[in-house]
Structure formats: structure tokens, C-alpha cells
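Same chain, two partners: subunit A is paired with subunit B first, then with subunit C.
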Partner chain A sequence: MDLALIAWFVFLSPLIAFPLSYFAGLKWKNWSGIIASSSIAVSLILSFILYLYYSVPVHSSYNWFYSFNYGIFVDHLSIAMVMMVSFVSLMIHLFAIYYMGKDPNRHVYFAETSLFTAGMLGLVLSSNLLEFFLFWELVGLCSYLLIGFWFFKPNAASAAKKAFIVTRVGDMSFVIGLAVLYSSLSPLTANPLSIPFLINNMPFVLSVLGSGKLALVSILFLGGAIGKSSQFPLHVWIPDAMEGPTTVSALIHAATMVTAGIYLVARIYPLYYYSGPDVLYTLAIIGSFTAIFAGILGLVVNDIKRILAYSTISQLGYMLSALGLFSVIGLSAVGYAMFHLFVHAFFKAMLFMGAGVILLTLMELRDVKRMGGLWKRMPITVSIIFIGALALSAIYPTAGYFSKDEIISAAYVYMTSSGAWYYALPWIFLTVGAFLTAAYTFRMFFLVALGKPRSELADHAKDPSILVLLPLIPLAILSIIYGFFRGDFLSYLGGSNNLYVPLYIKYLPLTLALLGILVTYLIYGRETWMHMDLSKSRVYSLVKNKFYMDKLFTGSVAERGILPISGKFASFENSYNTDVEKLGRHALDLGTAMRKLQSGVIESYFALIILGSAVVFIIALIVGVI
Partner chain B sequence: MLMMELYIALFLLSVVTFLSGKNAKVYSLAVSGAFLLIFLFYFSYRYWGLSAVHGTLQTIPISPAYGFNFSLQSSGLSAVLVVIATFVIFAAIFVSSGNYSQVFYGLIMLTMSGLIGLLLSANLLFFYIFWEVVLVPVYFLIGLYGNRRSDTVSLKFFVYTHIGSVLMLLSFFSLYTYYFYETNGSFSMSISSLMNPALFETMPVFWRGFVFFGLFVAFLVKLPSFPLHSWLPDSYETAPYPVTIVLAGALSIMGGYGFFGILLPVVKVIPQGFLLALIVLGIISLIYFSLSAMSQLSMKRMMAYASAAAMGFVTISFGSGAIELQNSFSPSLYNLAFAGGMYQVLVHGLIMAMIFSSLYYVTKSTGKEMIGSLGGIFRGAPVISSFLLVGLLASLGLPGMAGFVAEFSVLAGIYGEIGMWILLIIFAMLITASYHIWMAQRTLFGPYNEVLGNIHDAGASSSAILTVMMLAIIFLGVFPHSVFELFTNYASGVVIP
Partner chain C sequence: MTAVVTGIDALQYFIPEFILGITGFAILAAGMFGSSRKVNASITFVSLAASFVYTLTMFNHPVYVLSSTFLLDNFGLYFMLLFLAAGMLITFPAIINISAKSEIFFSLLLFTTVGMIIAASSSNLIVLFVSFEAVSTGTYVMTAFHKTERTLEASTKYFFTGAVSTSIIVLGISYFYEATGTFYLSPSPAIISSGAMLVSLILLVIGFGFKLAIFPMHQWAIDTYDGSENSVSAFLSTGSKLVAFMIMLRVFVSGFYGDANDFYIIFTLLAIVTMTYGNFSALSETNLKRLLAYSSVAQAGYLILVFSAAGYAIGISDTNLMEYAVAAGMIYSLVYIFMKGGAFLAMNLSSTKKVDVSDLSGLNKKSPAAALSLSILLLSLAGIPFTGGFLGKFFLFLALIEVKLWWLAVIAILNSAVSVFYYLRVILVMYRGEPSENIKVSSLGVIPLVVCAAAVIILGVYFALFSTVLGFVGGLFR
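On to the complex of A and B.
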């Protein structure tokens, strides 16, 4: 069986569906969703075939232009990833048939989401970093279009712009990385940006680049990953990106967009562990800091989708920091990160779709403080959200417990492996993060589910038909049981699970998570929070303003930095322009003055001739020609 | 073969446009369309899959004793640029509203034949003549059909470019004279014998500097590069849209062709100071034009600056590639930089043609050109808006579109020379992305500006031409290989390391 051909069709199938669902949808609106979903079902089936028949890495490569190739690279990592992406994306598409069912532009929506999925699948299967970058940007473009899907909403238009520009910052860092890598390797190899070449020939690459340059390249690629996976400080675009349809948020957060950054680091992981402990520490510290930072922000947000958005940022931080723990878990670091990525994809897609159901019944009312009492009114939906919340908070025995707490344990070993104080930071951050995760998740959950309805809409909420919720069921099951397959998963990705930590360390995150749930129950499960007035608190306002990060970017950098500078340039340009014209006018004036000499009076010409000859004669005398 | 006959036919048919009366648009559309197909097939046949650098040289002697000949010779570079220039001019005629007289179309056709003559000319004298032939009709096009301040602007355009061409002519004649001394009394004006590194190597340093100075100024004016650019925003803004398309899409090729078509063979002997200046000017242009563009209030003017900024990549790639070559870097670097620069010349024409065409349709349907007076037009005119969005995305260098191939090749090719100065270019690229996307947000998206009333969307013909442009841009972005290989072959063929 030709696995390479199958791999091509894994991402070609939704790519073909992109124009198909659009043009079919022009005439028969309802068909577009069906076409898009079935194309992704095809991808899912094909990736299963890849999984079943895979024996050795498949690498097919063709010349794209100059010394850049394109092609397919299939190994365990990419097979696992395409299965996850196509599965989660399929569930979201099926749900979107219902969710977007009344939107007049749903053919555009489905065309764009299938392109989105195609981009992600292509990225996963890329055999060359430049090809990878092409799909990387395709994914970015689709997220731009989909965040701005309701383009007539000013917020959506500006959120789309913000997402594009902020991720573009990371992308540019990626591009410099590619340029540095290319310029160092191209004199020596024919195909310097090929992924299999890079990950199999690291000693050679290291000897050519030297450790400093290799570290530079790794950090530049990390910059791309930070932008895409919305890590600190480029996390600012994700909460605003909630302006798109909720199914788009589910896609972005679970399957197709933010996971790309983590996947990039995992894909070229040898580059990172050859770059030395400092680069790996950078991964660990950025990830763990983002985990705690976003967790704190998640505590004070009232928009249900934004809470989920901050939780994504925080969980991605866990994945990134797992990748930084190479020194203690070796190549299993990829498995640790990818396992959490998978589990997170399952429950986060489910949570977003659950939130989507709520938003649909509540007419896009997103403020959790105006919900309440929904568990009684929408039992099935809210129960599914409850499962998601448990998995997100990493409560035993949900899959989240297995995926996340192991990362925290590894961080503990990482701390003990070195004497330096700063090696303790990842573990501390991640552990506190466990508490925060449970706290913000259950704050949201209790506000949504318990108490009395706090708005008219919440009072009349109803579960939709069970048919609609069907796509959420497999995700819910996986969120519960997937943890037990952790060992198999790790060994499939070439890692192992033999980490020993003391029991009190092992159960510390779980204890903290339970504590977090308890605390939030005391405050938000009952109606204590209604009597709390935090608005005077300095800390609260600091957090509420997102540590002024957004203000820093949009205010200080964009509005008070770039724009005035641009205005200065433009006004300089204007005055330069008028100066040039003035210069031209003076030249014309000179011409006018000269014109007066041509008076047409023969006598004056004659006088001038004599005068001129005299001057020439005198000069000749002085020079000594005569 | 055939080239000379084809060219003379094109020139004569272009002149006939002035006599074509009411059917001028149809006539010129037919001629340019026919020549587009002819050139496309001819050059595909000539160059596809072959590693040929130059076509056959064809000469009509005029005064051979003095080296004045009318001779044409295509190269891998000029073949592609001829096709793209013909296409852009065809598109410009296609989108023009048909209310114009035969003089308008005659001038455009004359511009086209001048431009193609310039790209194919193998003789410096005729290169110069065609350079001027292009200038004059455009002067009249802006002056006669321009909107605001058309007198001043057209004069400025003319004087500005003319200063460049006079210096260029001086350089050519210095070379001509030096050749005469060097060969003890024989004359030549042919590019292959004058643009010869061996000739330059014996030349006194000052003389050499003078020659390069004249050529650099002429090409930098035409490109344009900071600080020789101030003709550009005004001309683009004042000219009617079809002429803007010609200016931005077709005439912008001239400066780039000057560097890669004329100067590339002697790249080895260009003083490094000149090359460094070129890089610096390129980087300044990128940043300066991008920042100036961001604050523009009119879409047309903003895109004029975007067009100027994109040409920064051409100067940077030429300068850095040349320095890499002189410092004997690996050919895999400088050939990539050169080919990237040529690719930028090519795709910039195409992308700008697309942007200005869709801006034209936006203006036609809404009657507005200022960013502030539009808003949310995606609702009323989704088709035009989508095309404009595609153009904007291509212009900011999104992968999958042609601009990215050029920009990435330049970046990867020049990093070896400029190192972390690349951050300045990246900064400019970020600014570029920002103002493109910001403009899209303010004009296409957001709430609909009800003042606009009911706007109509693009018709079938406008969608057709924009679709062709879009497909060409995507094709060159996804399958760059065939054209890119022509450029790399050309670069490695004419450059003598």
C-alpha cells in the first residue's frame, strides 16, 4: 500500500472540499456542511489507515523551487497528530452543522473551516520547514478570516486584525530562523530545510552552525511557536479571538491553530535538545510562567468563552514547559507534551461546544454572572461541561489528571536535578497553576450551573435535542478514559514512563486542585460572591486589566508608538514632497529669468556677443594660451 | 528568431491605435491580448525547461561603424518580464471604462511597445531611446487624463525621471568613449560588449564610479528608492486608474530590470560603497515608505507607498547579493538573493495591478477613495471586497501567494551578508502587514457605512480579469519552480564570479 499517496490525501481531501463546499453551498446551503464534514471524515479514515499500515517512516519529497522541497513526512508523531486533528475537527464540523445551521453565510464558513483543517493537516505532514511555514500561514489566514467571520461586528473585525498582526510577529521570527538556518546550511547540503534531514543529522547541523547559532535558530523558531500557541508575551490575541463563532473557537483551541506551535517544537525537537540546557530552560520557564499568568487572568474574567480562552493559554503553557524538561525525561518530553495536547484537545473542544450550546439558548449572552442554575435547566449540556471541567482541573480519574500531573512531577525532578534556584521556578509555577486551573474552571462552572438563574434568558434555557449533542459524547468519553492509554501513547511516540517522585509530590497537584474546587465552591457555589466587592482592590484591578499587557500592546506600542511615528514620517514625507516641488519651481523661475535675455533685440545680442568674446579672450590671456 | 518581426509589428500596430477611432478600446485590447498570447507561447516554447540564458540576437544595422544598431535579444529574465508587462497593460486596458478617446489607448499602447523594446533591447542606445519612449506617453497620460493638479504632477514625473535618464545617457556615452579608447578605435553600443567586467576592470576608478553613479541614479529614480521617490505618490494618485495600473504594474519593472538586466553582468566590479549604499537605501525605503503608508488617508495613495516599499526588496537583494558575490560567499546564497529580487520585480507588478484594479472597482461602485468614508463594504460588494482582500494579503507577503516566494528568497539569500540587520526588514514587513490589515478592517469589514447607500458589486467582466490576476498570483506562489528556475539560470549564467 502506498502510504505516501494516502498521506497526501489526508490533507488534500479537505482542501478539495474547500471550493466544493463553497460552490455547492451557493446553491444548496445545507450541503456545504455535509461536504466539509465528509471530507474530514475521509481524512480521519485515511489517517487510521496510515496508523494501521505504518511500518517505517515515509518520506516523499519533490522540488518546490530552488533548493526548497515539499513533500510528506510520516512518522509516529505526525500519524498521531493527524488522527487527533481530523477526529476533533470532524466532531466540531458535525456540531457546526447544527450550530451554524441558520447562518446565511454558512457555505463560506464551511469552506473556510475545511481549508483551516486542510492547512493544519498539511502542516503536520510537511516534510520541509518552508512547506511547514506555508501551511502555518494558511492556518493563520483561516483563523483571521474565521475570527472575523461576522465581519460586520466591529469587535470581530478588530479581533481578527489583532490576531493576524500578533501572530505575524511570531511568524516573522520563524522566517528569520529559516533564513539563518538556510544561509548556514545551504553551501553544504542540497536540501537544508528538510525536516527529516534536520532531525536525523543533528550532529552535522551542530558542527556547521556552532552551538550559539543553533541556539539562536531554536529561539527564533520558538518565537514562532510563542505567537501561534499564544504564550506570554504574545498571548494577547486569543481572548479577543472569541469574537468569532464558538465552533471556530473550538477549532482554534483544540485542533487546528494553537497546537501548531507546540507541534513545531515537538517536530524539530532534536534542534532544541542539541541547543543545550539554556534553550530548554527557556521553553520550561516561558511555558510555566504562561501557565500561571493566564491562570490568574482566568480568575477574574466573566465572559464564559474568555475564561476558556485563558485556560487554553495556561494549558499550552504546560505543554511547552513539558518540552523543556528534556534533561529529566529525555525524548519522552515530546510524548508528555503531546499527550497533554491530545487530552486538552478532547476536553477543550467539548467545553467550547458545550459553551456554544449555552450561548445559542441564551442568545449570545456570555456573561457568567448572568447565568446560573443551568444544571437543572440543561442537564445534559451542563453535565458534559462538568466532565470537561473535571478533566481541565486534572481530577482523578479523568485524562487530564494523567496528562498534567505527570508534567508537574517531571518538573519536580527537574528542580531536584539541579542546584540552581531558578530551576525550581517551573515546578512552583506549574503547581500553583494546578490550583488556579481548578479555581478558574470551577468558578466558571459554579456560576453557570448552580444557584438561581440571574437573567430572564437563563431562566428559560433548555437542552437542545440529544442528536445535536452526539458529537460531544465521544469527546466526553475520551476525556474520561484516555488517561489509561498514557503508557501506550508514550511508547508509540518513543518515550517511556518511569519517573519516580515522592508520593506527597505526586498528589500535591491533585490536592491543590481539590482545594481550588472547594474554595471556589465556598465562594461561587453559594452566593457569597455577590456580597464581595473587589472593585476597590488594587490587585484585582491589576488583574482585571490583564496586567496592562493589552494596553501595552495596543496602547503604548501601536497607538502611542507606531502610529505617531508613522504620522511623523508621513508629514515629513509631505514636506519633502513640497520642497521638491519648490525646488522645481525655482528652477522654472531661473528659466524665466534667463528668458529675459532672449529679448529679440538684435543690438543687445550683438552687445552680448562682444561681451562674451571679451570674457573668453581675457580668460585665455590669464591662462596663457595666447 | 521572429523576435524582430514581432516587435516591429507590435510597434506599428500600437501606432495605428491613434487612428482607430471609436473602436480604440476593442482594438488595443485585441492587439495587446494577441501579443500577450504570442509572447506567452513564444517564450514558453523558447525557455520552458531549458537552461538557456539568452535568446538569439537579431540586429538591424543603423550605423554599424559607430556601433549604433537596433538589436533585440531576449533573456530568461526579460522573457518573463515582457509577458507580465503585456499582461498588466492588457488588464489596464480591460478595466478602463471605455469613455476614453483613441489618444488615451494609443498612448498606453505606445507605452507598452516602448517598455517591451526596452526589455528586449540589446543595444544601450536603444535601451535609452525606449526609456524615453516610455516616459513621454506616460507624461501625457497623467497630464491629459489626471485628476487633481495633473499639470504639476505630470511635469514633476517627467522632470524627475528625465534627470535620471540624462545621467544614464552620460554613463552610456562614457562607456562608449572608454570602449573606443580601450579597443583602439572601434565603436560599440551593444550591451554584451559594454557591460563587460573585463572592460570595467581596466577603467580608472573615478570613471568607473561615474558610470555606476549615473546608472544607479536612473534606476533608483525609476524604482523608486528613497530619496528619489517624490514623483511616485503624486503620479500614482493623480493618474486615472488604468494609468496607475500601468505605472505600478508595468513601469515599475523598468528600475528592477535596470539592475538585473543591465548591471547584473558587471556586478563583480561595482564598488562596494555603492552596493552598501544600495542596501542602506533599500532598508530605509522599506521602513520609510511603510511608515508613511500607514498614515495615509486615501487608499490609492497608501497603496502607492506600499508599491514603493516593496521595491526596497529589489535594491536590498541586488546590493547584498553583489557583496556576497564579491566576498566569494556560496553561490547558493547570492543566486537565491538575485533570483528573489527578480521574482519581486515580477510579482510586484502583478500584485499591484490586482490591487489597483480592485481599488478601481471599489471606487467605481462606492464613489469613495478615502478610507474614512468607506466601511463594511463587504456586505454590499462581497466579490470586489474579496478580490481586494486577496490583493492586500498578496501584497503583505502571505505564503501561498507570489510575494512570499520573492520575499523569502531575498531574506534567506541576504542573511549571510547583512546578518541581524535583517531585523529592520522584518520590522518593515510587520508594519506592512499591519497597515494592510488595518485598512482591510476599516474599509471592508466593520459596520456598513450607511452613507454609501446601495452599492453594486462587480460585474462578470471585472470578476473575470481579477480572477485571472488572482490565479496568476496564486500560481506563482504555489508553483514558482519554472519561473524561478529561469531566474536562477539567468543569474548564474550572466554573473561571472
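On to the complex of A and C.
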């Protein structure tokens, strides 16, 4: 069986569906969703075939130009990733057939989501970092299009722009990293950006680049990952990205977009552990700080989708910090991070789709403070959200418990492995993060599910037909049981689970999570919160304003920093603009004058030929040719 | 090594010519029994395609035939393929333009193509001259087809200018003979620096430059492209133009062998003047066919940049860079056929003979496929990335930069920046304007455009083609 060919079609299938679903959708609207979904089903089946028949890494690549190749590289990591991406994406697509069912532009939607998925699958299978980068940008472009899918809403349009521009900052860093790596390696090797080459020849790469430059490259790549995976300080785009359709949020948060950053680090992980402990510490500290930072922000938001968005940022922080713990868990770090990524994809897709169902019944009412009492009215949907909330809060025995608490345990070992005080920070952040996760998750859940309905719409809410919720069921099952496959998963990715921590450390995060649930229940489960007035609290307003991060970027950096400068440039340009316009007019006049030569009189043509030839001869004489 | 074949065996190397020639007579004969336009076009297309396929089998066996007057190397074969492709491109669209006596038109097309592929398979100046004249004569008649006032004027101007240039070529060839004592193109460096040889080279630049439409010899082209039928314009500005380019490559790449006297400066000056003249004149032109004709002049300027780069490279005796420059020109020629040919064929979408920019206004509303394809072709002419035009210009300018002619590359890039203006103007009109009444959408009008646009896009991402073409150049220098 030609695995390479199969791997090509894993991402070609949705790519082919991209124009098909659009053009079919022009005529028969309902077909576009079916075409897109079935193309992704094909991807899923092909990824399974890859999984079943895989024996050795498959690398097939062709020359594109110069020393840049394009091709596919299949190993355990990419197989696992394509299975997850195509599976979750398929579930979301199936759900979207219902969710987007009434949108007049749904053929555009499905064309774009299949392109989105194709971009992500192509990124996962890329054999060359340049190819990886192109797919990376394709994913970025699709996220822009989809976040702004309801472009007639000003919020959505500006959110799409924000997502695009903020991730561009990271992409810039990524592309500079590519340039540095390429320029250093290209004199010495034929194909410097090939992924299999990089991950198999790290000693050589290290000897060529030297540790300083290698660390620089790793950090620059990390910059790309931070932008894409929305880590601090480039996390600001994700909450606004909630303006898109909820299924898009599910895609972005679970399968296609934000996981790309983590996958980039995992894909070229040897680059990181050869870069030395400082770079790895950077991963751990950025990840863990983001985990706690986003957790705090999640506590004060009232928009149900934004709460989930902050939880994504926070969970991605866990994954990134797991990748920084190489010194204690070795190559299992990839497995730790990827396992959390998988579990997170399952329950986050489910949570978003559950939230989508609620939003559809409540006519896009997103304020959790105006919901309430939905458990009685939408029992199935809210139960599914409950499972998701448990998994997100990492309560035993859901998969979240296995994936997250092991990372926290590893961070504890990381702390004890070194005497330096700052090695304790990741563990502290992640442990507090566990409490915060449970707190913001259940704050949302209690506000949604318990109490009395606090709006007319919430009072009349009803479960949709069970058929609609069908795609959520496999995700729910996986969210519950997938944790028990952790050992298999780790060994598939070439890691192992042999971490020993004291029992009280092991169960500390779980205890804190349960405590978090208890505290939130006391406040939000019983309507105590209605009597609290936080608006005067300075801490509350600090958090409510997202630590002024957005204000910093838009206010200080953009408005006070960049805008005045660009204003000066603008006035500088304006003064020249008139001159430039004159230049353009003169060019036009010059052209018109030149065309006067074209009199239509053939005698004058001959005259020009003879004159011109004479000039050529004279010039030849002058420059000394003759 | 290049083999030498003599006697009756040599005939097998002329099968492409035989296919075309015999089919040409067959079409004439069939015309007497009233065969329809479509039948004639189909037969023409099939014979061109058969010839194309046979030519493909001839690659990689360079051979001298008929007392070395003919040389079949990869370089020539590559251009043979281009000429056949140019012929195939206009065969079906010509059905729209040719209303009567189609058998004469199609047999002319075939005979002209025979002239072209003979030109591509020789390195003897006499054979080159005769085949060049065969192409010229064929296209004179094709231009005058229908004998309307417009076409006759176009043809007359073309013919008279052609006659002047023919005499200049003959003069150049006689100087060449005076200098070398032979008509074969592989003179030794010592002879090259002789005065007679250099006079000959200048005369040949001017003579062949006429067909390429470089600056002082370009004026016929504007009127002729404008006045002749659309598919004839397409053929003139692709196939016939590239014949001149190919011959110039043959003559000057050999002639440059040991360019001790900075002959490249002549080409550089001509290129600058030609590009600038073409681009600026097109800026405010409103007649779309004339606009394309001016752009065709500008493109000729880009093409002869190859000689600047190659000449300079050989001046510093760097054969690799020279081959690089020539290969860049060959890639550009390939792309050029589709983008320029396609753009001229797009004139078939207008029902008027004289096509103004405003005649294609609102094309997007009548035929989105045609509007998109024409936009791709125009963007390619402007050199926007992910089109073949970008790739051609990329390699061309890279060749200039490689030989350290930075300033020339900058002038060329500025020129293509200027050109974006008038191409975008057309695209803007197609998408923003109100639909014009003169638009006439037919499948024969649209399909060639789509084919050309697809070819341009494929060539735009198929970087690997360059190394293949680079391999063809080696045969040029012996």
C-alpha cells in the first residue's frame, strides 16, 4: 500500500472539496455541507488507514524551487494529529450542517471550513518548514475569513482584522526564524528546511549554528507559536474572535488553528531541547504564566463564548509549559503536551457546540448572567456541557484529569530538580491555574444551568432534536474515557509515564479543583452573587479590563506610539502626494506625446528606422564597439 | 556529442515539417470541395498536435543533417514546441475571425508554422534567412486576410517595413560572410572582434529586431496588431515574434563568443528605450488592441534584456551565467505565448473590430470565467507573483542581478511597475463597469482564455521547469 499517496489525499480531499462545495452550493445550498463533511470523512478514513498500515516514517518530497522541497512527512506524531484533526473537524462539520442550516451564505461557510481543515491537515503533514509556513498562513487566512464570516457586523469585521494582525506579529517572528535557519544551513546542506532532516540531524545543526543562534531560531519559532496558539502577550485576539459563528470558534479552538502553534513546537522539538535549558524554561514560564493569567481573566467575563475562549488560552498554556519540561520527562514532553491537546480538543469542541446550541435557542444571547435554569429546560445539552466542564476542570475520572494533572506533577518534579527559585514558578502557576480553571468553568456552568431563568428567552429554552446533538456524543464519550488510554498514547509518541511524586502533590490539583467548584457553587450556584457589588473593587476593574493589555496595545502602543509616527509619515507623504500625482499626470502626458510618433504614415516609420539605425551605429562608434 | 546524419536517413528528422506541409496541401484540396471552417480547423489542430508529439520524441539526440545546414538540438526543439503551441492556440479561435475561404487561412497557418520550425532547426544563416522570410510572407498574407480596408492597411505597413528590414538583414548577412567566409554560425573569437563582423551584428539586430518590434523598428507593429484579425494579432505577437527572438539567440549567442568590445551596451540601450517607450505609450491608450500592442513592444524590451545579461556574462567569460540568462529568456518565451496570445484572443469577446477598453466593461457580469481568466493573463503580463509572468521576469531579472547589472534590473522593475497601471485599468473596467453592449460571449471565445490562464498559473508555480530548460541551453555553445 502506497502510504505516501494516501497521506497526500488526507489533505487533498478537503482541498478538492473547497471549490466543489462552493460551486455546488451556488445551486443547491444544502449540498455544500454534505460535500465538505464527506471530504473530511474521507480524510478521517485515510488517516486511519495510515495509522493501521504505518511501519516506518514516510517521507516523499519533490523539488519546488532552489533548495525548497514540498512533500509529506508521516510519522507517529503527524498520524496522531491528522486523526484528531479530521475527527474533531468532522464532528464540527456535521454539527454545522444543522447550526449553519439557515444561513444564506452557507456554501461560502463550508467552502471556507473545508479549506481551513485542508490547511491544517497540510500543515501537519508538511515535510518542509517553508511548506509548513505556507499552510500556516493558509490557516491564518481562513481564520480571518471565518471570524469575519458575518462581516456585516462591525464587531466581527474588526475582530477578524484583529486576529489577522496579531497573529501576523507571530508569523513575522516565525519567518525571520526560517530565514536565519535557512541562511545558516544553506551553504552546507542541500535541503536545509526539511523537517525530517532537522529532527534527525540536530548535532550537525547545532555544530553549524552554535548554541546562541540555535536558541535564537528556537525563540523566533516560539514567537510564531505564541501568536498562533494565543499565548501571553499575543493572546488578545482570541476573545474577540468569538464574533464568528460558534462552529468556527469550535474549529479554531479545538482542531485547526490554535493547536498549530503547539504542533509546531512539538514537530521540531529536537530544535528546542538542543537549544538548552534556558529556551525550555522560556516555554515553561510563558505557558504557565498564560495559564494563570487567562484563568484570572476568565473569572470576570460574562460572555459564555469568551469564558470558553479564555479557558482555551489557559489550557494551551498547560500544553506549552509541558513542552518546556524536557529536563524531567525527556521526550515524553511531546506526549504530555499532545495528550492534553487531544483531550482539550475533544471537550472544547463539545463545549463550544453545546454553547452553540444554547446560543441558537437564546437568539445569540451570550450573557451568562441572563441565562440560568437551563438544566431543567435543556437537560441533554446542559448535561453534555456538564461533562465538558468536568473534563475542563480536570475532575477524576474524566480525561482532563489524566492529561492536566500529570503536567502539573511534572512541573513539581521540574521544581525539585533545580534549586533556583524561579524553577518553582511554573508549578505554582499551574497549580493555582487548576483552581482557577475549575472556578471559571463552574462559574459559567452554574450561571447557565442553575437558579431561575433571568430572561424571557432563557425561560422558553428547549433542547433541539437529539439528531443534532449526535456529533457531540462521541466527543463526550472520548472526554470521559480517553484518559485511560494515556499510557498507549504516550508510548505511541515515543514517551513513557514514569513520574513519581508524593501523593499529596499528586492530588493537590484535584483537591484545589474541587475546592474551586465548591467556592463557585457557594457564590454562583445559590444566587449569592446577585448581592455582591464588585464594581467598586479595584482588583475587579483591573481584571475586568484584561489587565489593560488590550488598552496597552491599542492605546499606548498603537494610538500613542504608532499612530503619531504614522501620522507624521502621512503628512510627510501628503506634501509629496501632490508631486507624485503630478508625476503620474506627466507620465500619462509623456505617453500621449510618445504616441504622436505613431502617426500612421509609413514614410515617417521608415525615417525613424533609418534615423534609429544611424543612432545605433553612432553609439556603437562612441562606446568603441566598432 | 552531436551526431552527423547524411543521405536518406536525414528525412526522418523532417517528419514534423512533412506532417504540416502535407496537411496544408490537403486542406487546400479539401477546400475545393467545400469543407467547413470547423473541419479545417480541426484538421489543422490535429496535424499541429501530431507534429508536436513527434517533436517531443526527438529530444536529447542532437544531430546535424543535410551537410550540417540543419541542427536539431534541444534548444531548437524547445522553440519548435513553442511555435507549434502558438499555432495550436490560435487554431480554434480563428474560426470566429475567418468567415470565408478558411482553407486558405489554415493552410497558410500550417505553411507559416513550417517556416517557423525550420528556422528553429538551423544554424546556417541562409537557411535562417529563408525560413524567416517564409514566416514573414505567410504572415503578410494572413494579416491581409478578408481584404477589408483595415486589414489591407495593416498588411501594407507590415509588408513595406518588412521589405526594408529584409534588405537590412541581407546586408548584415553579407557583412557576416565578408568577415567569416561562411554562413555557419560558429565564428572564432578572433573574427568576432573584426569590424565587418560587428557591423554585421548591428545590422542583424536592426533587421531581426523589426519582427521582434524593438524600438526604432516597432511602429508597424502597433498599426498591424491593431488592424489585423484578433487571432492573427495573437499569432504575430507570439509565434512570429518568438521566431525573431529565437534567431537572435542563435545568432548573437554565437556572435557574442568573446564579447571583448562591450557589444551588450547596444542591447541594453535598445532594451531600455523599448521598454520605456512601450510602457509609457500604453499608459493613456484607450484602444485595447493598441494597448496590448504597446505592451507587446515593452515585452520585447524585456526579452532583449537576455542579450544584455548574456553578453555581459560572456564578457566576463562566465558560461554558466550566460546559459542562465538564455534559459531565463526561454522560460519567458514560453509564458509569453500564453499570456500575450491569450490576451489578444480575449479581443474575440468584443463584437467590434476596433476594441476599446470600454468595450469589455462589465465583462465580469456577462462571463465571470472570461473576466477572471483575462485578469490572470493581464496580471501575468504585469508580473504579479504566482503567475508565469512573474516567474519569467523573476528569472530574467535574477540573471541581470547575477551579472551585477543592478541598475538595469532596477530600470526593468520600475518599468514593470509602470505597466501595472494600464493592466489594472483594464481589470478595473471589467469588474467595476456597467456591462457593455459590445460583449459577445461564445465558448470559442472563452475556452482559449481559460486554457491560457490555467497554463499561466501552472507555469507560475512550476519552478522546477527552469532547471529542465537550463539543461536545453547547453547545446547552444560548442
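Following the convention adopted for this analysis, the second predicted complex is superposed on the first by the 574 of 626 C-alpha atoms of A that agree within 3 Å, B and C clash if a C-alpha of one lies under 4 Å from a C-alpha of the other, contacts with A are read in each partner's own complex, and residues count from 1 in each chain.
We adopt the following convention: a contact is a pair of C-beta atoms (placed from the backbone, for glycine too) under 8 Å apart; a residue touches a chain by one contact, two chains touch by 3 or more.
Keep in mind the model is a prediction, meaning the values are calculated, not measured.
> Once the shared chain is lined up, is A:Pro104 touching subunit B (first), subunit C (second), both, or neither of them?
Neither: A:Pro104 stays clear of subunit B and subunit C.
> Taking the superposition as given, does A:Leu590 touch the first partner, subunit B, the second, subunit C, both, or neither?
It touches subunit C, and subunit B stays clear.
> In the superposed arrangement, which partner chain does A:Gly600 touch: subunit B (first), subunit C (second), both, or neither?
Touch partner of A:Gly600: subunit C, not subunit B.
> Once the structures are superposed on A, label A:Asn63 by its partner contacts, choosing first (subunit B), second (subunit C), both or neither.
both
> Going by the contact rule stated at the top, is it subunit B or subunit C that touches a larger number of residues on subunit A?
More residues of subunit A are touched by B.
> With both complexes overlaid on chain A, does A:Gly419 touch subunit B (first), subunit C (second), both or neither?
Neither: A:Gly419 stays clear of subunit B and subunit C.
> Based on the superposed arrangement, let me know which partner A:Ser566 touches: subunit B (first), subunit C (second), both, or neither?
A:Ser566 sits against subunit B, while subunit C stays out of touch.
> In the superposed arrangement, does A:Val616 touch subunit B (first), subunit C (second), both or neither?
second
> With the touch criterion stated at the top, can you tell me which subunit A residues are shared between the subunit B interface and the subunit C interface?
Common to the two interfaces on subunit A: residues 63-66.
> Spell out the residues on subunit A that touch subunit B in their complex, using ranges where they run on.
63-67, 130, 133-134, 136-138, 141, 144, 148, 151-154, 156-158, 160-161, 164-165, 168-169, 172, 175-176, 178-180, 182-183, 186-187, 558, 562-563, 565-567, 569-570, 573, 576-577, 580-581, 584
> Looking at the complex, which residues from subunit A come into contact with subunit C?
62-66, 587-592, 594-595, 597-598, 600, 602, 604-606, 608-609, 611-613, 615-617, 619-620, 623-626
> Mind listing the subunit B positions that touch subunit A in their complex?
For this pair, the touching residues of subunit B are 152, 155-156, 159, 227, 230, 233-234, 288, 291-292, 294-296, 329-330, 332-333, 336, 339, 376, 378-379, 393, 398-400, 404-405, 408-409, 411-413, 415-416, 422-423, 426, 429-431, 433-435, 437-438, 440-441, 444-448, 480-481, 484-485, 488.
> In the complex, go through subunit C and note every residue touching subunit A.
156-157, 160-161, 164-165, 168, 195, 198-199, 202, 205-206, 210, 215-217, 219-220, 222-223, 261-263, 265-266, 269-270, 277, 280-285, 418, 463-464, 466
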